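Before anything else, here is the set of structures, which you'll find just below.
Common to both upcoming complexes is subunit A, partnered first by subunit B, then by subunit C.
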Partner chain A sequence: MLLTPQSIGWKLKSTLYFITGAIASFLALPIFFIVALSFGSSQWLIFPPPHWTTKWYERFFDNPQWIEAALTSLQVALMTSIIATAIALPTSFALVRGKFAGRDYLYSLFTLPMIVPVVIIAVATYSMFLSLGLTGTLVAFVISHVIVALPFAMISIINSLKLFDKSIENAAVICGASRLEAIFKVTFPVIKPGIFAGALFAFLVSWDEVVISVMMASPELQTLPVKMWSTLRQDLTPVIAVASTLLIFISIFIMLVANILRKRSL
Partner chain B sequence: MSLLLSSRKWKDLSLLFPICLFLGIFFLIPLVILLIKSVTVPSFGLGNFYELLATSTYIKILGNTFLVATLVTVFAVLLGFPLAWCITLFPKGWGRFLLNVVLLSMWTSLLARTYSWLVLLQSSGVLNKILMGIGLIDQPLELVHNLSGVIIGMTYIMIPFVVLPLQASMSTIDPMVLQAASICGASARSVFFKIFIPLCKPGIFSGALMVFVMSLGYYVTPALLGGVSNMMLPEFIVQQIQNFLNWGVASASASILIAVTLVIFYIYLKVQSDSPTSSNKGS
Partner chain C sequence: MTTQQSSAPLVTLKLLNKEYGRFTAVNKINLEIQQGEFLTFLGSSGSGKSTTLSMIAGFETPTSGEILLHNKSLINVPSHKRGIGMVFQHYSLFPHMSVRDNIGFPLDIRKTPKAERNKKVDDILKLVQLEDFAERPPTLLSGGQKQRVAIARALVYEPEILLMDEPLGALDKKLREDLQDELRQIHKRLGITIIYVTHDQDEAMRLSERIAIFKEGEIVGLGSGRNLYDSPPNAFVASFLGNSNFIKVRAVSTSEAQFEQQTLKFREQTTPIKTQADILLMVRPENLHVLSEQQAEQEPLTVEMNQIAATVEETVFLGESYTCSVVTESGQRLMSKYISKDHCEIAAGTDIVVRWNVNHTNVYDQWKQSDITKA
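The block that comes next holds the complex of A and B.
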């Protein structure tokens, strides 16, 4: 009744299909819309576009500012992903395997950067880097991005570690391996998809981060979302649609890989 | 023996050293300094808070922030519920497809999606053209740079955050319970309202709390889709710092935002009693 497909009438079923179809289009259409617009010829983003063109792509790739911003984004996201995963890995082991009290509280504490509004983290770290004279540097970008990316990496690793049967590792130890050896040769290979998925999520968080980056950026150093943000505030040029399309495709690609990895780790 | 145990404990705790060091220096200390600034800049005392609460613009911003968060939460739950239901109802096929759409939307660049709505909602945009084309309106509606723009854009972004927890709680409901009610003579309507909805309540509640608290602190979408007259708290904080270098007032409003967020998060944790770190899942 109401929870199995056989138990609901065709009337309710078709209504549900219709409503959820409408909501799903509401969720998906803006994404396809922006991709279509990036190939439209109209400067004023008229839809459907009068002609199809790739001139906005040429404009994007001919502009060193956009290219530089994209490369900075890539650099920041890669470094963020590596550092966040490196910190999250030992943390996950301690939280899942440790026998000390208050693990749940620590977990909540470490996921706090996910809960505290990003704008607060942005303002607080901006104030710190301002007094250290580090705003507008790569270091400031990476450190502030790691703060928000950490919980995502940690949760992914914790989930795969919870599913790993520790007795397999113990068996290796009984057979004569040292604990560290067992962890590196038995546990890591098994939870690798989870670690990798965590790294990808951290990458994605950094790649898409706007608020903190806007605060950290200087005219000389900015990420792709910052460049989009400052351009957006002036006009709605289709070049932003091109940048959006690139962001969308990279996000989708990474999400697909992360999902495949997560499924493999289950 | 006890010495052995405690050395094991130290080893576990030493694994936490990197994260404690990192979050301590770069997250907690700056956060605490920000909180302290609210009572020390420009001079010691509660002056900033008095100033804030005595200004009618600030009260308006605070009210607007809560209004937007409330409306977005209501709409996101209303639109998220059928999605979560279908995903539970048809785990393969249609439900699978819906889940993928939700995940796609959630992980697609926030800025790209907001830009898309900016273009869709503008007065010469697609939505206005369609509405005029089918003769519903004669003149383009002002859909963006006002409250409606913020609500549409934010609801759109928050729907996935309702669907996922709600679906998780729906999938734990035993269909037999609903079956039993139906066998005992309850109509479909009363099974829905008296059994199904109450059983979904924990999921609805945690999803709604999450969306509410996220909406309170949202910056990007309101800043781009909203207008000057309906500014929200996060935008106000950034504006005070970037335009007026007014750290005292900014820190005071940040403290208020943090306090509200943490209180709601605490309630959320109380509602969600499942332990996140232990491996045996309690139901």
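The block that comes next holds the complex of A and C.
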């Protein structure tokens, strides 16, 4: 009765196909352009590329600055992911299981960094670390990234914990396990996919983050997006397209893994 | 029975109370549970039966009152040290473990030696007939198999008490009856004390030695199924268990009441009924006999029988029985149930008399209208 593919005429059908295709391309074309440009021979990012080459990839991997930035990104993202998940796990338990006044407000507080404009968090953390003399350090990077990554890790864990049937944990308790034992032996293994998905989302948030990172960075310590941004201000080189391509594909890969895990936890 | 009564109870609930804010879920109940007994908490949802079970398991803390096991308080003993087994409504198996590891879990927690653990798991797998499914994950089992794993997991460490919270509620009728029979066998074989929670009165009757009927946080009836059915302690239990006819009448003596033009007799009560009191007479439909006017003439009314004249409203064939609905002159509706094998249908509009034995009459002088109107 509703709009099923069988019930609509070919005219409407082809119009819908067209609109869907147009929107999908609108969303995907920038990625496609960047990937194409990273393999193009033109120094000036001419499209379509006159010839195909992998020389910009060689440039990228030959330049220790790019490699170092990529490794810094990886390091910051990994640490952010681990710390955010470690904080999110007990927090989620408190917010889902706890019965205390102001629980809903506390939940809102924890998810606030998702709503507050990133630039405000960036300015705030920057001024804080400036007064502490910590700008340009790995600690500053990780702490500020944890702030924005925490809600993403938390939401994933909270969802899987809400879906988890607590009587399974109670069953372990009545079988003789202490509450803590039951959580470690039963609850964690069951919600593991949700925890991993949360960790991956936190990783992604940090991996893609540029606004805060620009503030935290120093010439000696910068993440891949920061390096791209600063390079872009000096000159336009296809190496940036290479960096973008790598960034995108790693993000897409992690996103896919996180989604598979999340589906499995449901 | 007498030895059971004289020995100390296994579990004692004393003035057990549970309040959630202003809502009283369990209202100062007292109960003694004997060793080896199969006791069922029967009641509708929100009657406090599950909360009481949760307090025995230790998942809920009583607001006040006492739970004693072997005369020792359980209140400050955490769930995992109570040594109680429990089967939950939705099986609650560990999805990341095989059937064997699910059942072995309580033994692993107790650090039981490997050989002993495996033997116990194998024995219990045999008891619940799941030997062939030992290595499967629980997700690949049917509902009935899952519940048998849950029962095995609760029995493997030989707890003194097994708590069961509507364990068969999610299964279909046929499977439920099979598992009920199986459960009764297990109870007989192991001699374990079982406290069973259900809202299904057939299930309660089929399984239990004693039934505790819960209503609004209180136990309003306690006894064997037969006892509660034949002589309900109050109008609520009479209405809740099975079908019942209630006739509101005025007492004219301690053993007689006036209904329309007829005098109805009932047994003298332990606390005598006051003359002129409004009372409620209850008769089960199967104790109410419908006789044609001819039959009534042939069979003279004996002293222990009551009789009311009425007209047949409708007769419904139910296979093994008929139910016949009749209406008296003043509009009182009565249901009679009789075996179809020896009788035939009585046509609507026929003038008849209904008779019942005085001994099958229950009398109540206090009740609320809500007690006798089924929700």
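Here is the rule we use: the second predicted complex is superposed on the first by the 255 of 266 C-alpha atoms of A that agree within 3 Å, B and C clash if a C-alpha of one lies under 4 Å from a C-alpha of the other, contacts with A are read in each partner's own complex, and residues count from 1 in each chain.
By definition in this document, contacts are C-beta pairs under 8 Å (C-beta built on N, C-alpha and C of every residue); 3 or more make two chains touch, one makes a residue touch a chain.
This structure is a prediction, so every number in the text was calculated from the model and none was measured.
Placing subunit B and subunit C on a common subunit A by superposition gives a fit, with no clash between them. In the superposition on chain A, contact of A:Ser167 is made with subunit C only, not with subunit B. Of the two partner chains placed by superposition, only subunit B is touched by A:Ile19; subunit C is not. In the superposed model, the angle subtended at the C-alpha centre of subunit A by the C-alpha centres of subunit B and subunit C comes to 90 degrees, rounded to the nearest 10. Once the two complexes are overlaid on the shared chain, A:Ser144 sits against subunit B while remaining clear of subunit C. In the superposition on chain A, A:Phe61 contacts neither subunit B nor subunit C. Within the superposed three-chain model, A:Phe184 lies out of touch with both subunit B and subunit C [touch as defined at top]. In the superposition on chain A, contact of A:Ile252 is made with subunit B only, not with subunit C. When the two complexes are overlaid on their common chain A, residue A:Cys175 makes contact with subunit C while staying clear of subunit B. Comparing subunit B with subunit C, more residues of subunit A are touched by B. Superposition on the common chain A brings subunit B within a closest Cα-Cα distance of 5 Å of subunit C.
Within the complex formed with subunit B, the subunit A residues making contact are 1-5, 7-9, 12, 16-17, 19-20, 23-24, 26-28, 30-31, 33-34, 37, 44-47, 86-88, 90-91, 93-100, 103-104, 106-110, 112-113, 115-128, 143-144, 146-147, 150, 158, 162-163, 204, 207-208, 210-211, 215, 225, 228-229, 232, 236, 240-241, 243-245, 247-248, 251-252, 254-255, 259. For subunit C in complex with subunit A, the residues that touch the partner chain are 57-59, 78-86, 88-90, 92-96, 105-106, 109-110, 150, 153-154, 157, 163. By the touch rule above, subunit B contacts subunit A in their complex via residues 8-9, 12-13, 15-19, 22-23, 26-27, 29-31, 33-34, 37, 79, 82-83, 85-86, 88-90, 94, 97-98, 101-105, 107-113, 115-120, 122, 124-126, 129, 156, 159-160, 170, 173, 175, 178-179, 181-182, 188, 191-192, 196, 213-214, 216-220, 224, 234, 237-238, 241, 247, 250, 254, 257-258, 261-262, 265, 269, 275-279.
Listed in rising order, the residues of subunit A touching subunit C in the complex are 165, 167-168, 170-179, 181-182, 186, 189-190.
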